[in-house]
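Below is one structure, written out as structure tokens; the observations come after it.
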Amino acid sequence: MFNFFSLGQSFSHGVHPPHHKEQTEDLPIQRVPFVSRYVMPLGQHIGIPAQPVVKVGDVVQRGQLIAKPNGFISTALHSPVTGKITDIGMHRYVDGSFKAAIEIAADPYATQQFSVSSTQSNSNIQDLNLDEFISAVQQSGIVGMGGAAFPSHVKYSIPEEQKINDLLVNGAECEPYLTNDHRLMVERPEAVLRGCEILRQQLGAKRVAIGVEKNKPESISKLQQYLTADMPIDIVPLEVKYPQGAEKMLIKSIYNKELPAGKLPRDIGIAVNNVGTIVALADYFDQGMPLIERIVTLAGPGVEEPANLIVPIGTPIRDVLEFAGGLKEQTREVIMGGPMMGSPVADLDAPILKGTSGILAFTDAETARPREYPCIRCARCLEACPYFLNPSRLALLGKARLFEEMQEKYNVMDCVECGACTFACPSNIPIVQHIRTAKDNLRNLSAKNN
Amino acid sequence: MDDLLWIFISTLLVNNFVLAYFLGLCPFLGVSGQLLTSFRLGLATTFVLIITALCAWVLNTYVLIHAPYLRLISFIVVIASTVQFIEMSIKKLSPSLFKSLGIFLPLITTNCAILGLAIFATNRGYGLVEGLVFALGAGAGFTLAMVLMAGIREETEIMDVPVLIRGTAFNLIIAGILSMAFMGFAGLFSST
Amino acid sequence: MNTANITSSTHPSAQNQEPGSSRLVISMAVAGFISGVIIIAIYMLTFDTIKENKARELREAVFRVLPDVSHMQKLHFVDNKMVVVKSDGMDDEMIFAGYDKDAKFIGYAIQGKAPGFQDTVHILYGYLSSNSNITGMAVLESRETPGLGDKIFKDMDFVSEFINLPMHKDIKAVKKGTKTQENEIDAITGATISSKIVVKIINQAFKKWSPRLPQQGSEPALELSEVKVVKES
Amino acid sequence: MATDVSAYEEMIKGLWRDNPVFVQVLGMCPMLAVTNSAINAVVMGLATFFVLVTSSFLVSSFKQWIPKQVRISLYVIIIATFVTVVDYSLLAMLPAIHKELGAFIPLIVANCMILGRQEAFASKHGVKYAVMDAVGMSAGFMIALFSLGAVREILGVGALFGVDLFSANFEPWVIMILPPGGFLTLGLLLLFFNWFTERRRQFLIKVADVDKIAVGVKDNG
Amino acid sequence: MNIIDLITAPVIMTSMGLLFGVILAVAYHYLKVEEDPRIAETEELLPGTNCGACGEPGCLPFAIKLVSGAVNPSGCTVASEDDIDNLSEFLGVDAGEQEKVVARLKCAGGKGQAFQVAEYQGFEGCRAAAVISGGGKGCSWGCLGLGDCEVACTFDVIHMNNNGLPVVDAANCTACSDCVDICPKNLFELRPIAEQLYVQCNIPLEGESVTALCSAGCDACGKCVADAPQGLMEMVNELPVVDYTSGLFTTDKSTKKAIERCPTNAIQWLELNQFDEQTDEQERYSQY
Amino acid sequence: MKNDPLKKRDPNLLLQSAPLLRQELTTPAAMKEVWIALLPATAAALWFFGLSALLILITSISGALLTEWVFTDKQKRRFALSDTSAGLTGLLIGLTLPPGLPLWMAFLGGSVSIGLGKVIWGGLGTNIFNPALLGRAFLLGTFPIAMTTWGAAGGPGEFFQLHSSNLALPFMQAQVDSMSAATPLGLMKFEQQGTALWSLFMGNTAGSIGETSALFLLLGGVYLLLRRSIDWRIPTAIFLTAAVFSFIMFLTDGDKYPSPLFTLFSGGLLLGAFFMATDPVTSPLTPKGCWIFGIGVGFLVVLIRLFGGLPEGMLYAILLMNAATPLIDRYTQPRIFGRQA
């Protein structure tokens, strides 16, 4: 099934941005020491924000539950540090808006010791049935670490009539600069494999596939080294191509199946998780550590000392950057996430979130764009779009503000905003932004109509 | 047979009613904003042209040999009334057909492509079959011009055409360019 | 502004029930009647002039291609022979016979047409059956490009090539300046196609008509009829 | 006196403000088909003038007797009658020009402008206004016809009304008398018209002559 | 030419007139189709020349669109002004006697009052900026000033002023709610023009955290509530809310007192327009 | 660290939409590729047609540039010529003109190309019709005689032999040029005379200055294909269709109809297929659309050449397919991932 001599398995279209991973791919993961202040936004993902269970003035332990799920699509929140609650109110979020958050002043003598979550008393995971497993995951606060931060337990709660046959672990890490998944696979291959086994058994999947882009040979070899014959796990080298890590592309590359529009992976018997999510599951069920810290890649031309860091959730970005030597003078833009899909940071005082895979800084050189030229209909964007949309047309319609037509004739809602089209455009047209604006408008309109 | 083919090709491409004879410009300039409408209008026009060819032939052979001076007035009255009658029948019998095609009929009857066809066919002494082929070619040519025009206009709708240029002036210029492109068909199938 | 009229004619609901079908029919009939009267009046008024104009036009064309002619009449091919027709109309199946002032037969003026560069080209040429010579060519109708194709009737060099052109075999259009044979015509530069069309029409008409023409000497005699016209000088 | 002024205005408006070609975009077919020379354009203009004025006169005179349902048919009969009159008169008087205008004289019947004036104006106004309006409209139509015909003839033949304007060496712009030239010239003329109107509007805005601002370009879209 | 020719024309024409008159009369009688009477009447009011110059394929389709409100009567180039007035009257587009409602902006934080936390760089448009990390305005509730509403307003009554705030020409606002729909920060609301006491702020914060963001923001000090007639106003979510249903609102001094002590002028007494229009064309073009 | 951005307030942080990375190619660079690819053909033009060709190219390019400059609005004028596309249009129309054309016509052609073909539509990227070809079609329709009077190809020895007709005064006719000759296509169509394939390949035949040399056009075309600057489907489809269609006709009557190789190497087919049909702005976006477009051009060019009144049809074939491009694009939208077609 897997041919190691080929380019690796792949999908059609897509682009080949320079991957820039050399900056950090060999840097071992370091731990960021505690800082004085932490901000834990209550809603860090789509779904319902968590509900605080602490009051201002309460003293909390690292790992202690501070907000509980407030519905099904909602997860728990735990304190990343031992300290005191100083505020529950509006705080600046990365996107510049203000969101309800819990502010914690760290105890200067705080240690890495964490209090084992109360829900994790049952250490024998084999004894859990699926429902108990799902509620345990919800209590653990684990969300998807691949970027979207979608609550993981929701993914596991499959309807009666469906069955998961395959567990797909996403180690593609196709975004340039980011190496956090890579380092994780290199440094903790056993945890990855252990997490795979836990999840596979719980979901009753037959096989596991770990997809890794071929520019991470060390990850592949490390995983293979720890792989034993009894584990039904395949490690699949993938072509280095963006966006190889996007769920649908990954499914196409590995199983050669096209996930129908509007369907979820589970509808075709597949569950997809990022390696980071898998390791978080392993850590939770093996050590009882809820999701209170994550690995963040610090890179980009504007960072003085690129690094891979373990960062407690809620650490202000400014503090993380300071730990890594700060920013270069010419820095103009700071991005949370990867350079292709990440969102720019409006305020450096905003905290690291559960879904933050990287903080990248770019300087004048990268942000000074050439002038925007008119679309010359060169079709490079069509050839880039992995979803076979017509970005050129979408951008034109977006400019003319014909949002309805964008959906009716050109299915703008199917766009995942991967940015491949914009990367490919020689005229420097902000196609994705046009698309996002249109989607925003359309959502707004349909919300108003209902 | 060759003759019929030539009549068809010639009216379709070389001597396109709209682009070379300037017939039917009102709908061509006014209604070519949307592709679907244009296509339907083209179909409906073809239909009326065929009716016209029939009427013209009947009038020419049975009425006008006695009174040639009534040519114009009888063409216009007979064609307009026939089409109006057909329109009302369609409206009664098939509302859906009326919506997609019948609704265009009043517009078509007062346009000069129809009268032009009748007059040209008479001037050239076309018989029944030739007249019908002529009508078919003219209708197809009208539809072709209409559809191309609509495609271009829909496209330019979302482009940055300067506001001052937009409108009929621009449509005329597009038509001129189309007409220029159709010059390439000149002499088609006639060269020795 | 005539407000009274505006309101009366723009209030549809007020008008909808009224005029009964009879009024409708009658008004149509009356309009038809009046219009018929007007049309017949103008027709009668202009009839003679128009007829004269048309006849003159035709005559001039025939005289141009058939020199020395002062009378003409139309011939029609019926029952394997050419007979004289006297109607006004003209169609593809007609040719003209030309006579001098002594009513002596001179030659034929034959018409033909074919698709040209733009549209149908319609020509008339004179033909002497006595020596199988073409005596001249005139274009009756064409939409050839002004400045190019219209040279087939504007360029006198070209037109005069058809004067006394022997028609023993098919004529041929060749590139300007390369004429070597008697039966060749120098085409117009830049309008080779139109030139070739003219030649083609003549060849085709010749094929069609030469077997039909009566034996030399047995041409129909000039019948003095309405169609007859006398060349003014 | 006051009525005289407004009757005069009815006439004047057709020349520029409501010009049937440049503003209302009507009657394009005869407009383009016969304007390959100035003389053709003028004759066509006169023919249209005659038909429009006489039929407006008739329609406004008989408006009370015309039943609503068949009004369009009746207008058409009236118009067609006068067109036949023009057709025969031209054939008798100017056979050479009639040959060039060819089929387009009968097509005056289908000129939407004429029918449009009957319905929009003549059928609702008194005889005097109707005739004034018809005169104005057809004059406006003639202005458009003439400017188009003149431009096309000057560039396409190098002459105006058949009189050579340039030296014998002038290279004629053949396309001007071909169909594309008709479209392009009219398009460019309209463009110029729009540009001019817009300039005027801008100017009026500048001098804050609010009353006249409404007289802006209509969107011909 | 003889006498027969002389009478053929009138005879043929009369009989043709008769024939088609009869056919049409019969057709009207037997082929009549019931439809929305408004359409038929609207069609009657149109010139009926079927010229297509309006862009619709004929008068009937244009009438259908007129009745559905998709087009404006002035789209017909043939009809005279009177015709168009008649049509408008028949279609009843004028709003009627209803109380006049206009669009009001819940924000007064223009360039001079609120700062940018980061610099947005991309194409002009509020929604476009809002999807890029909120557009970088310090106050994440406030107006971005990029003029989406100006573009969206069908009636062209919104114009951005020098301060980067949209000025609604209240006299001509038709309350169509285009601006309400487009604003990414949901700042526009439709309010009766009589509701003159108006709070131009949308920040659900209080005290210094407000003044740190915007000098025109409401810092929830509560002075207006205290000064207004008892019961007219209350604080909801750190913002004062005027209760116009209470019957306590008047246009005299007692109510106007509410705005007097406001430290930031977040509460205003509106006469007609909310902001001054001082659009300096020159300055706006110099941005490009 | 004096200037540590961390210490400042942050308004200097930029918010730009992702992706932050861009590939290297820009639109002006894409245009430059075409300039480079046209170098061999331009050199061949100068070789065969000498000073006349040089002057024609200079005038047509300046006509194009001047028009672009004059009609761009003031705010954008700074950038008006920076993308070099206007100059490219001027070069391309220049290459399609006969060597003896009066220079004033070349200038007019250049400015009509840009004026009617580009500016009026709203500038770069908005036009439906290929500007260069539109300009040429205008010239051909306006001055049909001058545009079909061809000078014979010479060599570098005759570089300074200017066609006297080049220098006609504006609006005036050209003197009859002594060096006139017929193009291979004209010879084929009107005299049924073939031309040696080798001449067609090298380019020493009469014709438009830039279209005669198949070899140098191929060089440029292959360069563009290798650099992936043009869509390979369009030229491929044109060549295949034209070859197949003309081969069928060749089989029916080898005397009357030319061989497929003649069809491909003669006239403007190569120039058109590589440089003009592929103009991204005026050709379809979608891959399927490109095939249809190419097939249409190939079919029409042979149809016009063999059955039409004109000896050459590339110009009109491309313009006609340009007119159909919006329709083609509309009905060949790609199938979206995860959706049925």
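We call the chains A, B, C, D, E and F, going by the order they appear; numbering starts again at 1 in every chain.
The criterion applied here is as follows: a contact is a pair of C-beta atoms (placed from the backbone, for glycine too) under 8 Å apart; a residue touches a chain by one contact, two chains touch by 3 or more.
From a predicted model like this one, the values you see are computed outputs, not experimental measurements.
Undergrad: Can you list every chain in contact with both subunit A and subunit D?
TA: In this structure, the chains that contact subunit D and also subunit A are B, E, F.
Undergrad: Let me spell it out: compute each chain's centre from its C-alpha atoms, then which one is farthest from subunit C's centre?
TA: Relative to subunit C, the chain whose C-alpha centre sits farthest away is A.
Undergrad: Can you name the chain that lies farthest from subunit B, using the mean of each chain's Cα atoms as its centre?
TA: Between subunit B and every other chain, the largest centroid distance is to A.
Undergrad: Any chance you could check whether B-E or A-E wins on number of contacting C-beta pairs?
TA: Of the two interfaces, B-E and A-E, more C-beta pairs touch across B-E.
Undergrad: With chain centres defined as C-alpha means, what is the inter-centre distance between subunit D and subunit F in Å?
TA: So the centre of subunit D lies 41 Å away from the centre of subunit F.
Undergrad: Using mean CA coordinates as chain centres, what's the gap between subunit B and subunit D in Å?
TA: The separation of the two C-alpha centroids amounts to 22 Å.
Undergrad: Give, as an integer number of Å, the spacing between the C-alpha centres of subunit F and subunit B.
TA: Distance between chain centres: 34 Å.
Undergrad: Once you find the CA centre of subunit B and the CA centre of subunit C, what distance in Å lies between them?
TA: It comes to 27 Å between the two C-alpha centres.
Undergrad: Counting only residues that touch at least 2 other chains, which ones in subunit B make the list?
TA: 20, 26, 29-30, 33, 69-70, 73, 77, 81, 110-111, 159-160, 165, 170, 173, 177, 180, 183, 186-187, 189-191
Undergrad: Please list all residues of subunit A that touch 2 or more other chains.
TA: In subunit A, 96, 343-347, 367, 374, 399, 430, 433, 436 touch at least two other chains.
Undergrad: Two-or-more-chain contact residues of subunit F, please, as numbers and ranges.
TA: 10, 12-17, 116, 123, 125-126, 138, 141, 144, 309, 329, in rising order.
Undergrad: Chain touch graph shape: choose line, ring, star, complete or other and state it.
TA: The chain contacts form none of line, ring, star or complete graph.
Undergrad: Can you name every pair of chains that touch?
TA: A-B, A-E, A-F, B-C, B-D, B-E, B-F, C-D, C-E, C-F, D-E, D-F, E-F
Undergrad: In their shared complex, at which residues does subunit B touch subunit C?
TA: Answer in residue numbers: 6, 10, 14-15, 20, 69-70, 73, 124-125, 186-187, 189-192.
Undergrad: Where on subunit F is subunit D touching in the complex?
TA: For this pair, the touching residues of subunit F are 102, 116, 138, 141-144, 146, 168, 171-174.
Undergrad: Which residues of subunit B touch subunit A in their complex?
TA: Residue positions touching the partner: 157-160.
Undergrad: Which residues of subunit D touch subunit E in their complex?
TA: Checking each residue of subunit D against subunit E gives 23-26, 68-73, 77, 112, 115-116, 119-121, 124, 218, 220-221.
Undergrad: Note which residues of subunit F are touching subunit E in the complex, please.
TA: The touching residues are 10-17, 75.
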